[in-house]
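As structure tokens, here come the structures.
First chain A sits with chain B, and in the next complex the same chain sits with chain C.
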Partner chain A sequence: MFKILRDLLRYNTEFLIGFVLTGAIFLFAAAHFFAPYPDNAIYMLPPDMPPSAEYWLGTTSRGQDVLWQMSAAIWNTMTFGLTVTVISRFLALAMGMTSGYLGGRTDQALMTINDTLIALPNIPILLLVYFVMRDQMSWPILALTAALLGWNYDARLIRSVALSLRTREFTRHAVFAGMSVPQILIRQHLPYVMPVIFFTAMNNLIWAIGLEVTLSVLGFSDINRPTVGGMIYWANQHQAIIAGIWWWIAFPIIAIVLLFLGLFLLAISVNEYIDPRSRLSRMGG
Partner chain B sequence: MLHLAESQPRTDTETVLSVENLKAYYQMNYFGVSREVRAVDDVTLAIRRNEIYGIAGESSSGKSTLIKTIAGAIQPPLRVVSGSVTFNFAGKPLDVYGAPEAMKDARWRHLSYIMQGSMNVLNPVRRVKHAFHDFAFAHMGLANTAFWGRVREHLKRLGLDPRVLDSYPHQLSGGMRQRLTIALATVCEPEFIIADEPTTALDVLVQQDVLALIKDVQQRMGSSIIFVTHDMTVHAAIADRIGIVYAGRLVEEGPTEDVFAKPQHPYTVHLISSLPRLGDVTRRKALPGKPPNLSDPPAACRFHPRCPLAVDRCRTENPPLVPRASGRVACWRAGEAEVS
Partner chain C sequence: MDGFSKYLVRRVFQFFLVVFLGITLAFLITNLSPVDPVEQTVSLMTNFGATDPRAVELMREALRELYGLEGTVLEQYAAFWSRVLRGDFGPSLSSFPTPVMSLITAALPWTIGLLTLSLAFTWTLGNLLGALAGYFRSNLALKLAGAAVMALHPVPAYIIGLVLLLIFGFAWPVLPISGGAQMNLTPGFTWDYIRSILIHGTLPALSLVLVGIGSWFISMRSLVSNIVTDDHVVYAELGGVASRKIFSQYVARNALLPQLTGLALSLGNIFGGAVIIEFLFNYPGMGRLLIQGIYRGDYSLVLGVTTMSIIAVAVAVFIIDLVYPLIDPRVRLG
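So, the complex of A and B:
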């Protein structure tokens, strides 16, 4: 594992840039645990201060330090994204593998659910859930809802891998030796599917973060919890652009762009590592 | 818990497997069109303890279907229409299609399988030891250390370094992988082994090696083997008795030497005649025609359209498999054809 990481860092510039960017943003986000002010305290500082030696990224109209707000916001946004990713990976795995392996009616039933969810638009459903559950809405529930909408494409992908694994000799052998269906899926097929999971996880993380930002910018989340989208929401509420408080909006946007860029570079370079064909074309073979 | 084959009384006349009037058809019904492929049609055979029984036949003759049905490893659309398959493991009869739970317990412990294309039976993304753990551990009922001790010892006996357990399949050579799959199939010392074309993908040198290994393991454990291949020379090298399958039916059966020396059925005669012989440079004749379509087989004797000896009776009446000479044969004109 460390050898792979070392080689990727040494030979793959995209991976290096992605790794440094994502790592730096993660460290910055982790720093909010040492923040001098509580995350959701307001009017602790003079409002609307431009970036200066004292407040590096300025302060908001709500009297918060943009630097520490952003640190907590990125942490929360990433937590949301990772939660969505983990839950939706489990769903995609379970659905894709059972559907592909069992085939027949199970396959038809599961893939009908899958295709229906693919056809449904995500944002309106999330908004509906938000309005229905307005009072109980918290970020874990929102994450769960997003995860329930985020597994379908990858389930299809995993199903296609499982379909081919099902007819391999080692599967028939395992069936003959008396292994049960869960045993075959977990012990024989899962190691095969893991690279797919790693790669789709990156894409899913990017999607989930994007979703969170979208919902928060529109105010459809817990607005008192600092998130990247939440910061932009508050900036809009205080008409920061018109008031000339550009740093309130600019820095969160720069941060999220950098995070996306880092994750995207990681995703494509990891894909290059997993897919031998693109590795070969890179080597000029 | 563990009863080893060695500790049991071994009588070579005891029947380990008896198949009676077995019929297994592929029954398909798609979009209103039904099709029935009679891949195993009325097969009766018995296999004794400590015996290697060869099943020969051309492609699409139903060999693989027959042994799949015997092993109880069938999936729709393949169905057993009638007949029975009964094993006799450790003195207890076991009906393959009557007692699914008991059958599940017997798998790998008493009945193992060396597969067609067995180079691919090891999962390419997992270390070899996991295969042993998955397939054999639950069936042997040994503690962890005792189990791995047994596995290592077994590998050593088969000429493999126990370190292969920590490798991935792609790190091993073809011959090693083949040995490994044989080791995997025999580690529980099963009483019955089904080998489906285990040597077909190998070159002749490795083939010889593998055949010697299978024979050696078989003799040490006193198990019975069903050995399926279309390669008659392999049968000559390993089998005690041979059954010839044509179009889903057993047409001839007998001790290997007799089948090769005095084949009774015209089809067997052609099979034997087609083998190259040292010093003989005449061209080998191919049997005209092609194997029949099993969804619409010829009436009566299924071989009659290709048979040079066919008479009217062959077209109207199916010949039963009757004892003749040292074996059994299903032909109205048995013994009349000559090996050329």
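So, the complex of A and C:
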């Protein structure tokens, strides 16, 4: 595992940049545990201060330090993203592996349901969930809803891998050796599916974080919990752009773009590592 | 039954399944929620001062009837279906007494226009660039274009839209950042009005293009770079077929099929992006209607827009499915 990491860092520039970016942002987010101010305290500092030696990234109109707000916000946003990713991985794994292994009519039925769910527009459904929950909306509920909507693509991908494993020699051996279906799936097939899981997890994380940013920018989540989108929401509420408090909106945007860039570079370089065909074409083969 | 009819029957079945499940889901979400929409609306209306308790009780009854919340769950479910089929979601509370359905029919053409134009542009351009980048792998300009669209690809729609809004609305104000057309023009087939629509649509459409183009580019490039090493392409190259012909007939055409399937599969997501962009640019489509409905606590409007979006996306997916046999002879001939 460490050897792979070392090689990727040494030979793959995209992975290196992605790793450094994501790592730096993670450390920055983790720093909020040592923040001098509580996360959701408002009007603690003089409002609307531009970036200075005392407040590196300025203060908001709500009297918060932009730097420490952002640190806590990125942490919360990443927690949300990871929660969605983990839950939806389990769903995609269960659905994809079962469908691919059982095949035939079961496969057809499960994939019909899967394709039906793909065709439903996510955002209107999430907005409807928020609308009917309103004040009782909390981030775990939002994460659960997002996870329930975010596994279909990857279930399809996992299914295609499972479908090819099904006809392999070792699967037949396992069946003749008397292993049950769950045993075969977990002990024999899971190791082959794991790389796909890692790759889809990166993409899903990017999707989930994007979703969280989008919903909280509109104020459709717990607005008192600092998140990156939430910061932009409050900046919009205080008309920060018109008032000229650019640092309140510019720094969160830069942070989001860097975070996405880092995760995305990691995702494509990990994909390249997993899929040897793209490594070959990279070498000019 | 020949291949095409079989294909058609399966697609029609899928279409009805999507609509059925989507509407059932919308019903379940609104019904299982712990918050009673009637109480919510009542508290919204009685917020500003005391109201006669008898009036409140009457209001409750009226709302219960209006929202179709009378009787058992099954009766409510049947009532919900009959409202969907009749296209009657009752009056909107935030713009009383306009029916929700007429708000939706006013908004729908804007969304369809914006989405169709920007999506056609995104899909064509993304696939073309991606195919070229996959075929001419050493071209520097294509590499740079690839890096640019790929860097934009993971950024959420709202952020891209917001940055464009800041650039073209504040830093260099050349394009309108709000609305669908100029207010003082009378709608009609006049050059001024159409020009105004196009100018107002530029920024929302540009945001949607920038959001969407990366994923088409990436998948097309990897599809093409896989097909390039296929036997039939190598054979054509050795046989001296012109590289322009190899590119368009042998490579790009084969790679286009999964991309069309991809379009059908991702339409739901693309619609979600459009919702956000419409709201950001105050574009008079379904997205703005939905989000405004949420801010104003308009239950019938939100439910109506969500339901109609599910149906609209399903119809669009179905249309793409109908186009698919035209470019894939395997489906046509069976």
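Just so it is clear, the second predicted complex is superposed on the first by the 280 of 285 C-alpha atoms of A that agree within 3 Å, B and C clash if a C-alpha of one lies under 4 Å from a C-alpha of the other, contacts with A are read in each partner's own complex, and residues count from 1 in each chain.
Convention: contacts are C-beta pairs under 8 Å (C-beta built on N, C-alpha and C of every residue); 3 or more make two chains touch, one makes a residue touch a chain.
Values in this document were obtained by computation on a predicted structure and should not be read as measured data.
Judged by the touch definition given at the top, the superposed model places A:Ile17 against neither chain B nor chain C. When the two complexes are overlaid, the chain among chain B and chain C that reaches more residues of chain A is C. In the superposed pair of complexes, A:Leu102 makes contact with neither chain B nor chain C.
By the touch criterion stated above, A:Asp115 is placed in contact with chain C alone, chain B being left untouched. By the touch criterion stated above, A:Leu144 is placed in contact with neither chain B nor chain C. Applying the stated contact rule after C-alpha superposition, one finds that A:Val86 touches neither chain B nor chain C.
Of the two partner chains, neither chain B nor chain C is touched by A:Leu157. When the two structures are aligned on the shared chain, A:Phe264 is found in touch with chain C, with no touch to chain B.
By the touch criterion stated above, A:Ile206 is placed in contact with chain C alone, chain B being left untouched.
Touching chain C in their complex are the following residues of chain A: 112, 115-125, 127-136, 153, 206, 210-211, 213-214, 217-218, 220, 229, 232, 241, 249, 253, 256-257, 260-261, 263-264, 268, 277-278, 281, 284.
Interface residues of chain C, counted against chain A in their complex, comprise 14, 17-18, 21-22, 25-26, 29-30, 33-35, 37, 40, 137, 150-151, 153-159, 162-163, 166, 170, 218, 222, 225-226, 229, 264-265, 267-269, 271-273, 275-276, 279, 290-291, 293-294, 299, 302-303, 305-306, 309-310, 313-314, 317.
Of all the residues in chain A, the ones that touch chain B in their complex are 168-170, 172-179, 183, 187-188, 191-192.
Residues of chain B that touch chain A in their complex: 71, 73, 104-105, 107-108, 112-113, 115-118, 120-126, 130-131, 134-136, 138-139.
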